[in-house]
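Naming follows writing order (A, B and C), and every chain is counted from residue 1.
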Amino acid sequence: MFRRAPLLMTVLLFGYAFLYGPILSLMVYSFNESRLVTVWGGFSTKWYSELLHNEQILGAAWLSIKIAAINASASVVLGTLAAVALVRYRRFRGRTSLEIMVTAPMVLPDVIIGLSLLLLFVSMQTLIGWPAGRGQTTITLAHITFSMAYVTVVVRSRLAHMDRSLEEAALDLGARPLKVFFAITLPIIAPALVAGWLLAFTLSMDDLVIASFVSGPGATTLPMVVYSSVRLGVSPQINALATLIVVIVAIAVAIAGVLLYRQEKGSNSRKE
Amino acid sequence: MSIPGAQRALTGRRLIIGLPWLWLGLFFALPFLFVLKLSLSESVLAQPPYLDLIREFKDGVLILAVNLGNYQLLLEDSLYFKALLSSLQIAGLSTLLTLLLGYPMAYAIARAPQHWRLPLMMLIILPFWTSFLIRVYAWIGILKNNGLINQLLMGLGIIDTPLEMLHTPFAVYIGIVYSYLPFMVLPLYATLVRLDLTLLEAAADLGCRPWKQFLRITLPLSMPGVLAGAMLVFIPVMGEFVIPDLLGGPDTLMLGKLMWIEFFSNKDWPLASALAAVLLVVLIIPFMLLRHYEQRNQEAQ
Amino acid sequence: MTQTSPAPGAADTASTTASVRLEGISKSFGNSYAVNNVSLDIQQGEFFSLLGPSGCGKTTLLRMLAGFETPDRGRVLIDGQDMTLVPPYERPVNMMFQSYALFPHMSVADNIAFGLKQTPMARGARNLRVTEMMELVQISPLAKRKPHQLSGGQRQRVALARALARHPRILLLDEPLGALDKKLREKTQFELVNIQERLGTTFIVVTHDQEEAMTMSSRIALMRDGQIEQLDAPRRLYEFPVTRYAASFIGSINLFEARVLQQNGDEVRLSCDEAGADLLVRSSEKMLPGMALTLAVRPEKVRLLSPGEQSPNLVRGRIKEIAYLGGISIYHAELPSGKQVQFTQSNVQALAEQPLSWGQDVLLGWHPDSCSVLTE
């Protein structure tokens, strides 16, 4: 195919260069001695050590990780329930509304979601006194709301491709529905759950706009710190941070890829 | 013994449907009512910075103060209408650009040897897993006056004075295409890879030349993917804030950025809400298009 | 075609409780009936087949026995107990799925043990049972393998062992041989029958393959549009179909439209324009002259007569088509009325010329006992 279509091949290569060029340039300049990002002043890791001593960034990163982890776990539970509802129960009241509510958060602009959630939290506080103030709790609630939509999509597609008769066979062999779910369904959709968890974690770690709306004075997440420092201009510490993130993501993806590949090999029995 | 079993199954079913529904109903659907309500109230210097719609409720009499002033302002001040037009233009054009780059990429991946496809798609999605903010930031270093591109061009002697690229519409387009490319390639790839290749062989057998095969067979059959990809880019870009803020200039008008300014800089929550309401209404049609595609996709499964 | 003798105690033993009894079962999906008012008794130890084309309701019926579907009307009784609303995991019934539905994340042994783990049972006893089951279906060396490491035939055996491990009173098999290739299918048919006879479990098989049903079953329920068209032992279903549908679903058959001339005892004389002759058939049913009916004759019952030979049913025709199938050859002869009659000849000698050639005039006949009368 490629040999017959040099033009296609060129576009593809250009596309990948376009996707990865900027990331590479960030990584290269994170080892730049000079503060001026564009002037090469020799190899140095000093920005990394400065980054690791930057209390503000470290504190924000820790907060972001906490929020992301809670968010990911809750999103996987809620998103899986929504996926099971949409795949397993063909007709129920509220199906259309549920379909819309799991699609919309993925595409609607963040500014709308952020503003509307803030207004909800403000009203809830005056009406029932919870959540008291804004900060980690409100950010987490907001993140779960849009992350679970992504998890639903991932789990739903895996569930839709799962052979229904596997569950029926387990019921037939005497396992009760709850047992069937934990012994058969969960292990089979496990890769989707892992992927969904990681996706929800990443989305939360990455969100600037929604967190800015629903956060209070005490809670500053990592993207908020990055944003305020980036607005002031190019900062080598951010380059170092970017490099660390890319490396962590690459390792995580590699591990997930290997695990997924093994799982896939084990569950291909149906694709005949 | 069967009746309690059936009862339990019903309870389980209610729980499975009810929990996510209630969560999304409370935290996703309900807040829109608050946006609507706030867009009809008055802005004041207070905490929170608005007056409640409900002024008084006494002896069964409800006194509401509905303020249409925010919408009036949106209509009267041409700034907002210009921002809407400019958002539509930027979102529309960048969707087209993303399609022009994304389609050949998706096509090439879908026609690559089987064992290449998954890694190639992984490479498309991978950047999405790193920070969006940082990826946009990377372009500042590349596009600015003493950035990589200008240094390269001047070093090669092609230009003498640096090209003004950062804080221009050009930078905004670059940023959008760059950030949203995976959203375009993903649905396109999904439709293209499912395309039955024997259809093309049949067309060729019936005397159709390759270029015509593409126009007559491949392109029409991949339209659902094109539509889905376009909506996945167009809808969020309409309200994009980060890209126009970091890469655009002060004259880059977009609704999302305007909303942010009204909210954070001017502390005018009611006006920001009115803007959000307008944006939401504008996005209903593209959203319906997206839903239409997804429903067809699910039926195909 | 081989046939098993009817299982002991099958059919007419109404005194004992039926292993399975369906009473007026109906089930509709949307506005069409999948199963329409089916009643049926299956005895303990039977090898029972539900036969029919896809969409005839046989799978729905099986799924109602397993408990995956609830009938809209009617009752399901198993060993005399009403099971209509009992969930699948509380029924003394197990099923072998068409896709086998082996759990992909468990080894062969774990798959077989799964059902046993759902009831309190000592580990030793359980392991013993698993071993026993693997020996029964001859897959002992595969115990540690995962399903995706097995061939189609091996998976089928694992599925069978898993379904039998709980010693169900009734085993339901949904197209058990459907996914196997032809050679393996023939071999496995006999193994299934052997296992069934050894265990004495009631087997209820759903199949669309008439040959499979004929080979294995003690009785066959031929289904059509959600109803039972004919319920009989394989031999009777083949030799004496009661409707045109039953006659043409199993094997091929020649059908003649005819009219009753007169009845003498159990001998009925018919006039048949299609055959171009009067025909004779035996029927104990009372028939009035002038009544219209259909006469059915299997191709292998039609004999090629030598010139001058006599037969109560005798037609003249001309060979139109010849198909050589190895063991036999199939001939189509056209009668003067334009009606085509099929008949077969076994190829006894390897190097013999075809005894008949295209366009040759032939004389064909059959015995009055070898044909049946269809009233529908």
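What we mean here is this: a contact is a pair of C-beta atoms (placed from the backbone, for glycine too) under 8 Å apart; a residue touches a chain by one contact, two chains touch by 3 or more.
This one's a predicted model, so the numbers in the text were calculated from it and none came from an experiment.
Here the chain at the heart of the shown protein, by mean C-alpha position, is A. Averaging Cα atoms per chain gives one point for each, and the point farthest from that of chain B is the centre of C.
Averaging C-alpha coordinates per chain places the centre of chain B 59 Å away from that of chain C. The centroid of the Cα atoms in chain A and the matching centroid in chain C are 55 Å apart. Remark: chain A and chain B have CA centroids separated by 16 Å (rounded to whole angstrom). Shown for chain A are the residues in touch with two or more other chains, namely 177. In chain B, the residues that touch at least two other chains are 9.
Within chain C, contacts with two or more other chains are made by residues 87, 90.
On chain A, the positions that touch chain C within their shared complex are 163, 165-166, 168-177, 179, 183-184, 187-188, 265-270, 272.
Against chain A, in their complex, chain B makes its touches with residues 8-9, 12-13, 15-17, 19-21, 23-32, 34-35, 38, 48, 101-102, 104-105, 107-109, 111-113, 120, 122-124, 126-127, 129-135, 137-142, 144, 146-148, 151, 178, 181, 231-232, 235-236, 238-242, 246, 256, 259-260, 263-264, 269, 272-273, 276, 279-280, 283, 287, 290-291, 294, 298, 301.
By the touch criterion given at the top, residues 66-68, 87-90, 93-95, 97-99, 101-105, 114-115, 118-119, 146-148, 152, 155, 162-163, 166, 179 of chain C touch chain A in their complex.
On the chain A side of its complex with chain B, the touching residues are 1-2, 5, 7-9, 11-12, 15-16, 18-23, 25-26, 29, 36-38, 78-79, 81-82, 84-85, 88-89, 92, 94, 97-105, 107-113, 115-117, 119-120, 122-123, 141-142, 144-145, 148-149, 152, 157, 160-161, 177-178, 198, 202, 205-206, 208-209, 212-213, 223, 226-227, 230-231, 233-234, 238, 241-242, 245-246, 249-250, 252-253, 257.
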